């Protein structure tokens, strides 16, 4: 595990907007964090001064602009903290701690080496599967994967067209985008794992699937990919207090006979699916 | 005791400004409260949504404009709640409960009757003695006392010129204003009770003194007026939770042999000085 | 959703009760809210003789809560029976009289005095007040004395009997069981936690009587734990309270095992809180398809 | 102002200690803060054998606080002695090892194991963890068992001995006196209050292990009351903790009788909190003309 540089900065909110899918997006001025952050890293935010809410809230980086010194986060309003964030106005300053977690970079995992010069005719593929706000952390990975020569496709699903976030930036980066909605209002009618199933057949052992979304979706993917021996990485969420490894609160059970736990904030948030238990209690 | 009409309204902040003496002043749109409020009544304000701060905060009405449907409050920043209030911006909505307390009106106390047509040559006098933010509730009383034919003078003191609030509105209402500062930077050098002492000699039994300020100031006045049999009313503050008589939290000890307590929010905030104990524990 | 609940033989139209001590005897409340939104009201802790209460300051804000050391300021049982209850009866809301004795004998006397009044729907035996020297919490920290205080009232009072417990103990379930053995028809919990605040300017405790009782959202997790435990330990209904501000908090208590809930400190901050909770519960029932609020009691452990 | 304090023979350069459980063994902390701002650090509760901890979810926010049910996840005493302490020693900050045993025997073994290490400045006997089944809080709720657990360590360990108490009792002073009789040189308090939260969507307790320990500002009044009481009841110094966020909170504890203070939950929200407290205390000392922080210990009751 590398030792990330973690900064606790008072960042200015540069912009906040409500986007498609009912999510909010904010750009924050945080050069120290933008300079070193990797895909799938996150920040822990003190949403407002005072004790209500009391703990910080973790959010993935949905865009990283090291040159401009800006990071972006994208969130759905699900409770008190995210509700307050929706009322942020430009100029406000918020305390953010980051970048946190190991993130996920193809280089770190030693995955790019063999693929840049593909053996056969087919370029190695990176398949992203996202449900709901699970799309947020995907974009920085697309950026870096394209640089490493991967073909990238995204499978993204939600309840309905309105619940889906905008995917333009993915398309503009040369990523093939496949959409599913449960009500059929856009793309494939059904859940995203159903849509992904057709593609799964054509994947080979050198390809990689990275998924982020609700636990049941991740569970299903784990069994699908497991059956076909496809390498699956899952990004996990757990209730967090510190986000940096101090409290041991964000435990996730390791799979197999090992009775232990790993921690989302220091060992994750991305895990090789085989190494963790995703089963609902 | 009359039954006041109490309203819990969501009032819009119309203006907030920082004034001389380092105090803040806000105008709130609250027609229901403005319509019925009397001098020395107060409101209990939920300074911000959420639990921090948790309880409401009590503030006297420093101006009442029934025709415009506006009330004004004036405060010093002394802690968390008043600090947040200083960041209020126009357009914000705050929950305010009021008007609270009995207030102080010369009519209610049966004080005006004999004075409107003075017996001798001298008009009855109302003397106001204020220390610090104790000046805030005085202005509405000046307005109503002038209507009732009283001669009104104000004795107002603070540490220094900078610590003093603006008294223009008092002068404009035909109130004689006497200032003291401890450092001599304006008016009489010394404490306000010292300044008031010279006037005390000329007061007669038909005159009334109303005081608001720190306890030690009120204590001193009580003994000064007591010696000369001058009727003194004091406006008291106590830590409050409800502000309406539910919790019995705002107790003040009654003087004499009676071992009981009275409550600032329902029996006050103004008390005849003789009836309450002001002594520090 | 049917909001009515049955509490020790008493039917409440909704499960939201005014907690003792934040409602007085209703006279002040009517100026700021409508009593009829409450399923029942518990009046201020009442003693045999009138009490003036404790020296000020009596309250102090704390993070997400407050300390109080009111000290059972009340006009005494006689005045309550002769003046307060007849007035309060006009609203048609069941009245629970919260009583506090300094001895078993006093508890029995209070029980028989209130037996004479037809206006009392239930008695709530307060063995948990941290703010008085004699009696108060002392009876509630030990199963034996809790049993005896309950039994003293039980002998004199034949209506619904609620015993209100303190969380300032190491095993609240054993105290609850003792109350049931002593004749309690319901258990209400929690009363306040003993706390203190220091005024760093004066370098002294803030409260005139040094310690006080901690209430409000801060104590909600402790209260929920007590309800979760006690509702599984005793066969009688539990009234849950401690930090309830909205219908979601109320649902937490009900799911943890409370048959009814009480709102204390919230009333001081927001007098119309019973209405907003009742309306919130109704909306929740519609959205989630819950027919009877009582179907949710204890679902978290059932 | 002279911030140094003497704690059971140990001199700390300032009175701000990292509370056990929010600092691990320092490895994560160094990435977000400078250990040297602490007067001392108390490491994660350490057991004889490694512990994996409790099932998730392990934390949950509550009003002005949080619940945790970590369950003493730690690598065991051997790894701590061989790997963690030697690394931590480089910072020159006194290290307090917080130990938790499942039996008196285990407490004694832990005492003698840590006696072998020259890197331990003090032992803190944790008889107050609400999150483990065996041992944990059980030893701290009863004066006799607290005495025995303390004495078990005392026989094996001759350095400064701190006993950490739980507030989940009805009379914390008698437990504190028992610890002193058992050989404690200092008392630290408070550990967390037992609490619970319900997930109203799932209709189940939030935490994987149902109940958890409540910490943070919410519990500050309870902690202050315990410090105020215990510091008057025992002749040894008290380390106060529970909800301290800033230097004002620290002053409240010191005035209430704490010789030193510890910060727990605050570190999770704001890792650089020790620095801001130390700087705040220095500024306060200048403004108020206080020469030694130790002059303020217990002024609220002295």
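For reference, chains read A, B, C and D in written order, and residue numbers begin at 1 within each chain.
Criterion: contacts are C-beta pairs under 8 Å (C-beta built on N, C-alpha and C of every residue); 3 or more make two chains touch, one makes a residue touch a chain.
Fair warning: this is a prediction, and the values are worked out from it, not measured in the lab.
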*Compare the CA centroid of subunit C with every other chain's and tell me the farthest one.*
A
_Please tell me the distance, in whole Å, between the geometric centres of subunit C and subunit D computed from their C-alpha atoms._
34
_Nearest whole angstrom, what separates the Cα centre of subunit A from the Cα centre of subunit D?_
36
_subunit A-subunit B separation of Cα centroids, rounded to whole Å_ = 58
*asked:* Two or more other chains touching the same residue: where does that happen in subunit D?
replied: 62-65, 216-217
*Could you check subunit A for residues that touch two or more other chains and list them?*
51-52
*Linking chains that touch, what shape results: line, ring, star, complete or other?*
complete
*asked:* Which stretch or stretches of subunit B touch subunit D in the complex?
replied: 51-52
_subunit B-touching residues of subunit D, taken from the complex the two chains share_ = 63-64
_subunit C-touching residues of subunit D, taken from the complex the two chains share_ = 62-65, 67, 141, 168-170, 193-198, 200, 203-205, 210-212, 214, 216-222, 224-225, 228, 243, 248, 251-252, 255-256, 296, 299-300
_Going by the contact rule set out above, which residues of subunit A touch subunit D in the complex?_
3-6, 8, 46, 51-56, 95, 97, 238-242, 244-253, 259-261, 266, 281
*In the complex, subunit D residues that touch subunit A*: 21-24, 27-29, 31-32, 44, 52-66, 68, 70, 73, 208, 216-217, 245, 265, 267-272
